[in-house]
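Here's the structure we're looking at; comments come further down.
Chain naming follows the written order as A, B, C and D, and within any one chain the residues start at number 1.
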Amino acid sequence: MGHEASGIIHKAGPAVSNLKPGDRVAIEPGFSCKSCTYCKSGRYNLCQKMKFAADPPSTHGTLSRYFKIPEDFAYRIPDSISLEEAVLVEPLSVAVHGVRLADVRPGHRVIVQGAGAVGYLTAATAWAYGAKQVVITDINANKLEFAEKGLNCQTFKPQSSSTPEQEAARLKQETGLVDGADVVLECTGVESSAQLGIYTLRRGGVFVQIGLGKAMQTLPLHAMCEREMVLKTSFRYGPGDFEIALGLLESGKVSVSSLISSVTPFNQAPKAWKKTMNGEGIKNLIEGVKD
Amino acid sequence: MGHEASGIIHKAGPAVSNLKPGDRVAIEPGFSCKSCTYCKSGRYNLCQKMKFAADPPSTHGTLSRYFKIPEDFAYRIPDSISLEEAVLVEPLSVAVHGVRLADVRPGHRVIVQGAGAVGYLTAATAWAYGAKQVVITDINANKLEFAEKGLNCQTFKPQSSSTPEQEAARLKQETGLVDGADVVLECTGVESSAQLGIYTLRRGGVFVQIGLGKAMQTLPLHAMCEREMVLKTSFRYGPGDFEIALGLLESGKVSVSSLISSVTPFNQAPKAWKKTMNGEGIKNLIEGVKD
Amino acid sequence: MGHEASGIIHKAGPAVSNLKPGDRVAIEPGFSCKSCTYCKSGRYNLCQKMKFAADPPSTHGTLSRYFKIPEDFAYRIPDSISLEEAVLVEPLSVAVHGVRLADVRPGHRVIVQGAGAVGYLTAATAWAYGAKQVVITDINANKLEFAEKGLNCQTFKPQSSSTPEQEAARLKQETGLVDGADVVLECTGVESSAQLGIYTLRRGGVFVQIGLGKAMQTLPLHAMCEREMVLKTSFRYGPGDFEIALGLLESGKVSVSSLISSVTPFNQAPKAWKKTMNGEGIKNLIEGVKD
Amino acid sequence: MGHEASGIIHKAGPAVSNLKPGDRVAIEPGFSCKSCTYCKSGRYNLCQKMKFAADPPSTHGTLSRYFKIPEDFAYRIPDSISLEEAVLVEPLSVAVHGVRLADVRPGHRVIVQGAGAVGYLTAATAWAYGAKQVVITDINANKLEFAEKGLNCQTFKPQSSSTPEQEAARLKQETGLVDGADVVLECTGVESSAQLGIYTLRRGGVFVQIGLGKAMQTLPLHAMCEREMVLKTSFRYGPGDFEIALGLLESGKVSVSSLISSVTPFNQAPKAWKKTMNGEGIKNLIEGVKD
């Protein structure tokens, strides 16, 4: 549908002061109402009137020649960032939002569950926020290897033959996380993964659910209560996330280029969809027609 | 076992500077190690070496003629508070701890689930923290009536014939909570109650699990994620909770006297246990022998 | 100029959904741009494009027959609040903003400096936020008496013949603030008052400057550093402050009626200004012409 | 006096469980009472009964053959850290404490005032916490050059011929800090430096006073109020600071070796003091006698 996009400013309205035609921008695809309690109190991602660029028929995605956006949801990118990389600012902002909710800092030991695009970027962001240790988990060995090489983090492959509690004990032992993790960032949405994550936390630890999974999930609530754990949920991105994501890219602290698997011309767009459906590559981009 | 207790100082060790024989004190029954990471960072309730006065055989409760405690876990009570009321400072501190975690403030609309002793005190504490609206829920109509009269809060009796989601909608309609609650304080530990509570929250709302229930509980995680809700768990009490609880009692903002159902002499202690087992009264106290 | 005002909706634009002609409203007189970093991150009071209704010639005040405002800066008031009282929601919001920055809570011992309208409302708000003790200071004995009667707080009249440090010691002794205040809310803007306030704080205490005074002020920075104190400054009001202020009024936790000294018809407006210039009364209101 | 020290465990008391003779440790030189309100609430650096190893005659420093410390104030160091480097964990912890109070994060633009040992380590720590930009200021060109080379940060040399306000404008222009700094960390204690720092902050910015200067200092309070700035003060170090500092060293994110100018044998200790008095080198260490 196209909620991950970048572009070039074609025309600027009379009230626009910070952008001009020709500017290259990353696009934040959800436009909030700016007047409700959530918008005014710094939590616009919770706005109930949000127009998100992937909710047809009311709001179509960015897969069009021209796309109209409010000035403050288009972020000019520096020369050092390509339009292709700028597409990835959207999932990187998802990662930034989750890591900020978790309040990752130097000294923290962090587990990221899921080594797909969001998990990969979340682990990269946890490093950028100063984490002391980052362990990434996935049931796919290839993804783990990709993350290990790209991010220099430890990896763990859960076995479905054991219980989440047993696998948590194994994870802690194998990765040296004796006292448990300070933060777990769950990017899969899978119930057993959430359980495993919670069991790896230290007392008072913070679990952030970033991935969306099934409606009802069973969690070890008693164990959480005895250790006063916190479960936060992370929804898209809010104030500052896109700016921070762009800053991480510009400084080189996070790199997204290895996630871009292919770039397909607009007139062959279905090919890109097919690749993604077939599980080929990570991010298959569609390139628009330039003026 | 006696983890809720008050007493009179019989003898003070040579290093004690703030208490002297004859002082009446409320007793915080868990003694932390004071040297671990949790103790030093202001979260001593998570101390792994905690000696809690109700963990026999290592730590017996306060049901004894003399009970030895570190000076800083005994809180001198003012003349206006009776020794009987001081016993209730312990469950009141549980309430204070949960309300502080929830960060209840003026303007907040709060739901407290469970109208037993802890639920009752939690609702009273929510008022004291400035809540704009307090709704208390229970399946026991008598307890609801008791809370309504004693606390001037709204009440709601969930029906087991409907789903938690349906009951949440009914609660919101009947209590005028159109936009949902800012905070839910769950004091029952019952799974369906937790579900109901989460469904009543507004976007970005905070749910605090105070009651301990069964090990695994199924929660509407997807709905929580879409609304970026937070689930915190509350374990006993920590820094400042006893002082605040005493202050609430002293100022009259919270009253505990109506919860004291009976006072039994020490030599007839089994009678008090029997009453509690039979569901008679709320708090059945046992009175020690004075010197 | 009229930045404290209430009114009746005369006409609603086509996009207005929550207000209709005839609605009585309190007016938040600063309209932010809604698109800058500050507006989007929940700090719209810092918006650099703020249009404040008392900055002529660009923005005139509310002293006019009709005044145009964005819907979300007009707050419908309940029947129990008069239009006269609604005028005072503006200074009450200043108080709420300061008290929220200070994070006043049950257990806190609070000093409010200055017993004028803002100081009075700040002390009232500190009580509403659960403060355990509120001491108000002023050099005017009449104002202190007014506050003592209206707010049931302790009072202190600083002597200019002693140093701020000496007066702080006397204040602590006379009010029983042995360990110092948790929070000081400075509403005068006077340098010696700020110094006195800082000297009364406990270690780690928080000082909030609400009153605006002279450009450069000399503060006991060394004493602050040794005790790790925090100095915050409070500017007008932001997200939620008007709603909370209205809630405090509606619940009766704060009353503003005693501050309304006179109501003058619009065609005699200069009389109200004269009273205020002569120091007569506290708040001298001007009543508009009804349709 | 020796409040910056490391050592080797000579003997461990019977209750010690985490350390054994031969262990190399960094020493936190202030021992708190562990029982007061501050100690229990996670702010032990504010403990009024603190025994600091540089307060003769009550508490002598570490300049002795054997020095007795509580187990939890001695931090075992990994093999990769030398005993000389471990001495610098103390000033690095001062930096960590200040940076944590300032809550430096990715995206933040930071100014550090003072390029001495603490300023240098504060700037290094700001980088480690993810700062986007770090500018260091000093009136000593050599120190600035040292910091520029060692830390890859921008530098600024204030001119005493201009006002702090003018110099702040020049700093912002020359370093590209158009919108002002998010955080200023003041490590000099000099009044004009504090003024300069405050003038460089953006609206809502945070100023942290780390350096101790003269008792009374004149600050631009009106400008702070109009921009709702926050001034925090930082006192030594508290929970977690030593662990984080050690982690930064171990990971290589912060290096202290360039600050160690000389190592003098214990029997020639006065030589080290002389060097420091003459302004030779940065940190002149004294080496104890090994068993």
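The criterion applied here is as follows: a contact is a pair of C-beta atoms (placed from the backbone, for glycine too) under 8 Å apart; a residue touches a chain by one contact, two chains touch by 3 or more.
In this text the structure is predicted, and so the values were computed from the model without any measurement.
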Intersection of the contact lists for chain C and chain D: A, B
Interface residue overlap between copies chain B and chain D, same or different (over half shared): same
Of all other chains, the one whose Cα centre sits farthest from chain C: A
Centre-to-centre distance between chain C and chain B (centres being mean Cα positions), rounded to whole Å: 35
Averaged-CA centre spacing for the pair chain C and chain A, given as whole angstrom: 42
Multi-partner residues of chain A (at least 2 other chains): 43, 240
Chain contact topology (line, ring, star, complete or other): complete
Contact set on chain C toward chain B in their complex: 100, 105-107, 128-130, 132, 240, 243-244, 247-248, 251, 253
Touching residues on chain C, where the partner in the complex is chain D: 38, 43, 45-46, 48, 194, 203-204, 209, 212-235
Interface residues, chain A side, partner chain C - complex: 34-37, 39-44, 70-72, 239-240
